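In structure tokens below, several structures.
One chain, chain A, appears in both complexes that follow, with chain B as partner in the first and chain C in the second.
The block that comes next holds the complex of A and B.
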């Protein structure tokens, strides 16, 4: 069982499928836009159905839906992952300070965390984003401001329990500075949780960002997945029956979020073995028990 | 019982602070933003109101040259009277009356879909956790987590397009047939339900997965405890153990998480309402964004926040009643 962590994630079926899906989209985001000079250009009659000339048809403004779907990946994933990183960093710092120092620091920080958790996300995002100049960095700022608290709370409780462990007390007693204890003793112990928080935050960021842009609060001239959907409804996609203007983008968003969620399930199963379904246990440990079943559990698992 | 009261008061304190924080954010956000918020905010009034009237509005909302503290106190006192300003999108209506007109629809939609998705989701979660070897447990969780990866409004668009537009089974906009006069009669109620069905099913469909997975995971935890083995060895029926022994305990943490879920569900409701032109808070918010009606946007933010806080407090009381472990 001396496998490295990425090996253990890779042999998990769910996580592997998730990694493959997400990687495909990252590659599309990285190199896809190179093939399209200007996805916003007018290329053909508006609202053409999908055909071999235009794989996904054209939008209400005569743009190529395929080009827009590919080009939209870059900005959406960039903001998604960028926000994910920032949200986890902020959550990690606040959560660690709160969980490690406890007492008054914890009281104050926990109160702030709880207040942010209680405020409904989307309306808060809307009233901030409406004031800011539209653009990717405004959206990122808004998402970080409204989204950090959940991670802070999860990470805080983990720090809180690690704080009481002997090895942490040992390093405190040996005169290590608090910052060093947090960074070198505590954080490495909770890598899987940090990873899972990062992925969860990215899923949140992609969903919320698409929602904000769909409301018309992004920079509507840029090609992003959220803007694609905004323009689809603006051009009355539903009333003209042009499903192809919103289905590809929606499916891409769903696939990326699903891929990320799968990775998280994988991480969860690895760090919380009880969730691992018995089916997997069976296939993973075929010869550990006597096939005849030496114990009731073994009989139930491997019997017959 | 005394500690329970203390606990509830403490929670009420937290909600009050959160409410105050929301009110304060609402006050400071326009003032912290780059540019000249006052002229942006009142630009849409031009041509609709006389300059003197605009000046009076600025006074009311504290966009004057007074010290900040005075403005803040002025703003709070207007808020306490329920004065949220005048809408530019629905000029000359008051923000508060517009919000009130949409509140009922949102509560109806959220209420129905929350209860139905919670009941169905927990039931499925209970059953698949109980039969871990069954086919359902390997099919349902991944398919529902795929479904919940869709953005709410995308699912709403799909349903609206196929069931509403293509097949014509459901009306595609508004909360009731506009030929009818709102009133307490069968025809009107049927029309309301018919209109609410599609948006509500979107929310139910998207919500089930979350409840199901939570219930499943809690059940798996509960099933492996000693008292369940004991109940089994007593020879109680499977159904009895599943429902009255395991599920009864597994559902408590979910009710606690109801409060957090409400905020999340509201986000979905807002987007769903927009797609279905359902005249609740979300649709009004969308109109406000489109028309750059800042007063209305901020009024909606405040209303939704205060409703979420109130709902959370009710849930605290509910948990206290349901879970004896919380009453020491």
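The block that comes next holds the complex of A and C.
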């Protein structure tokens, strides 16, 4: 109980593995592109199979797939995490105001949240992305616009329940201003939900962004994971059997999402004591534990 | 030698942690004879619930039974497999829990719930089951028509009777009752206890009655066990326990049974001016009875009272009487629908501007019921104490360093005043590192730092162990006298109200039914309900009437 929350995340195996995976990709995204002058350069014959010269082979245009996979990480992760932060920030502000002040404020904000939830996200996303000038910030804007409402809804209900707690009332009675009550008393208590929302939003942002770019709605001149897949289809990768043009990028996307999901699982286990205690009993008494069964009796293990 | 229906021998229960384990129950041994009432007493956290959940093997993870035996009719329950356990549960041992509303499914009719229970354990045709339902309802004296009602349509006392009926459905030999009357008011409590005793004499079962209310259990149990921190420290016949038991802790518990003879006899000065005056206060909540209609439920229904300067007023009422609503209205946490609230003769009913609210809160402070919930678990004591100082003193002119020094000095002074020593050590503790009593002292310190004229104390001692209650009450009393502030002491416990207050107000269903000076109220209660409240402080009160 005395451990800080980041310490508790780190000792959780799932979360630790997730953090390691995601960190590796963040490091790759940060320093990887330095080693490649121009990942778009035409350097060799098109559609070469993977070899020691070109680790992941070449694309249908004769570009190095390895260089493109590494270079694509930067833009994709930047948009992914950036969108995650913005979505959660917007959701947190709207959700907090709505949940804390209630009544008329809640009525108006809830209405707006509900309207955004009812809008069909995918078609809207495609239409707006096609209308805006292509580029990373347009995609970020589209994703935030269509994705913030769900987080606002979830965070609002958490604020709503925390608002009724005595420590919040006590803080109000001692004269604290509403904004300070929200920031210093309520937000720290919902840190694990905020983290989970952020990670969920990031996974969503990466997936949706790749999807939009795959459809050609991004800036196709930039090297991103979504564009890598777009060009692979454009060059008829499946028909020519050149699997190496899309598998590395696809794997990277899957791995990042997997890592993020693992972190989310870890947070879930930490913030849900029931999951944690079941895991403890399961690991210490593997033969006796049964989730739906009766209290285990371990007289032999602990001695008479 | 009588037949032992349940025999627990050196039971040990651990809660596993990542690497070690916490020994929650240690070498717990006791037995219950056929047709006996056994009372198990202990403060919160003493392990009572762990023991009863172990008996039924329903203790959730990370609980593990590590040693001992639990014999039911000479068979060790700890060796039962799942199918044997499921035939043991309810057919042989059943449970009545504290909150009837939580034990009943809100979406099923009473009839369906009783039949469900029967059919889960016996092969019985629905037609026969309905007949047995009727018989059960007669047994607990509820009109048979209620079989077709939903739980929310019944009153609290009726719900608890239904839960008892379900517990009796399969004619078990042993019924475990876990604080079955704690959530009920004294009038209903009396009815339920008498009903339980009546059923026992009719049907003949053994009863394991768990409670924290020693006074109640001593009135009807054959034998009583006392638990402290996971161990059974005393076990004996009710008479011996009543006369002090075999253990210093039992003696302490017996002595802490509320005693009305020790009431506050000091008279208040009649000439003190009025501080708070409440006129005809009304607060209602709308209650949806169906999708199309909602009716209003008056939580506070035309309440008028006043609190003078330098006076402690006890506001006594049971759950649902509206006393917490009043405390929230007085601290401006919620609005009210009708009436007037005067402070120092000034109408403060409609203040909404944050400047006015701040000025009001400078004068009116509050202590909450649960000291764990009223302190934010992620902040230290220093944070909790520094906020009121920084908000209400005008320290902005000073440099940050000077300000920090002043905050530190004031925090340490106030910790000394609430008897927390050494104060420097407490300053950087987190709420979970302190005991309930210490936490409540911090909450009191926080309220005092504002230097208010009145403190609204909403059940400040009800979540504390009996032995610590008195200390907090004495602290409140001495600080009140020293600082000359007023206290509105809100409680369900008339004995502590009599001990602390100069004047009493008795609240029932949102209305004031009785009020007066403490000595008058004790010796000569005007209202039937307040008389019963006063009587309930005596042992065996529910029978001797």
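The definition used in the following text is that the second predicted complex is superposed on the first by the 274 of 304 C-alpha atoms of A that agree within 3 Å, B and C clash if a C-alpha of one lies under 4 Å from a C-alpha of the other, contacts with A are read in each partner's own complex, and residues count from 1 in each chain.
In this section, a residue touches a chain if its C-beta (ideal position, glycine included) is under 8 Å from a C-beta of that chain, and two chains touch if they have at least 3 such contacts.
All figures in this text were calculated on a predicted structure; none of them were measured in a lab.
In the superposition on chain A, A:93 contacts neither chain B nor chain C. Contact with neither chain B nor chain C is seen for A:85 once the two complexes are overlaid on the shared chain. Of the two partner chains, chain B is the only one that A:133 touches; chain C does not reach it.
In the superposed model, A:118 makes contact with chain B only, not with chain C. In the superposition on chain A, contact of A:185 is made with chain C only, not with chain B. Of the two partners chain B and chain C, more residues of chain A are touched by B. Of the two partner chains placed around the shared chain by superposition, neither chain B nor chain C is touched by A:160.
Of the two partner chains, neither chain B nor chain C is touched by A:43. Shared interface residues of chain A, touching chain B in one complex and chain C in the other, are 274, 277-278. The residues of chain B lying in touch with chain A in their complex are 14-15, 17-18, 21-22, 25-26, 29-30, 33-35, 37, 40, 132-133, 137-138, 142, 145-146, 149-154, 157-158, 160-161, 165-166, 172, 217, 220-221, 224, 260, 263-264, 266-267, 270-271, 274-275, 285-286, 289-290, 292, 294, 297-298, 300-301, 304-305, 308-309, 312.
In the complex of the two chains, the chain A residues touching chain C come out as 1, 165-167, 169-177, 184-185, 188-189, 274, 277-278, 280-281, 284-285, 288-289, 293-299, 301-304.
Interface residues of chain A facing chain B in the complex, by the touch rule stated above, are 14, 111, 114-115, 117-124, 126-128, 130-133, 203, 207-208, 210-211, 214-217, 229, 233, 237-239, 241, 243, 246-247, 250, 253-255, 257-258, 261-262, 265, 274-275, 277-279. Residue ranges on chain C touching chain A, taken from their complex, read 12, 14, 16-18, 53-54, 57-68, 78-80, 82, 85, 328, 331, 333, 354, 358, 361-362, 364-366, 368-370, 373-379, 387-388, 391-392, 432, 443, 446-447, 450.
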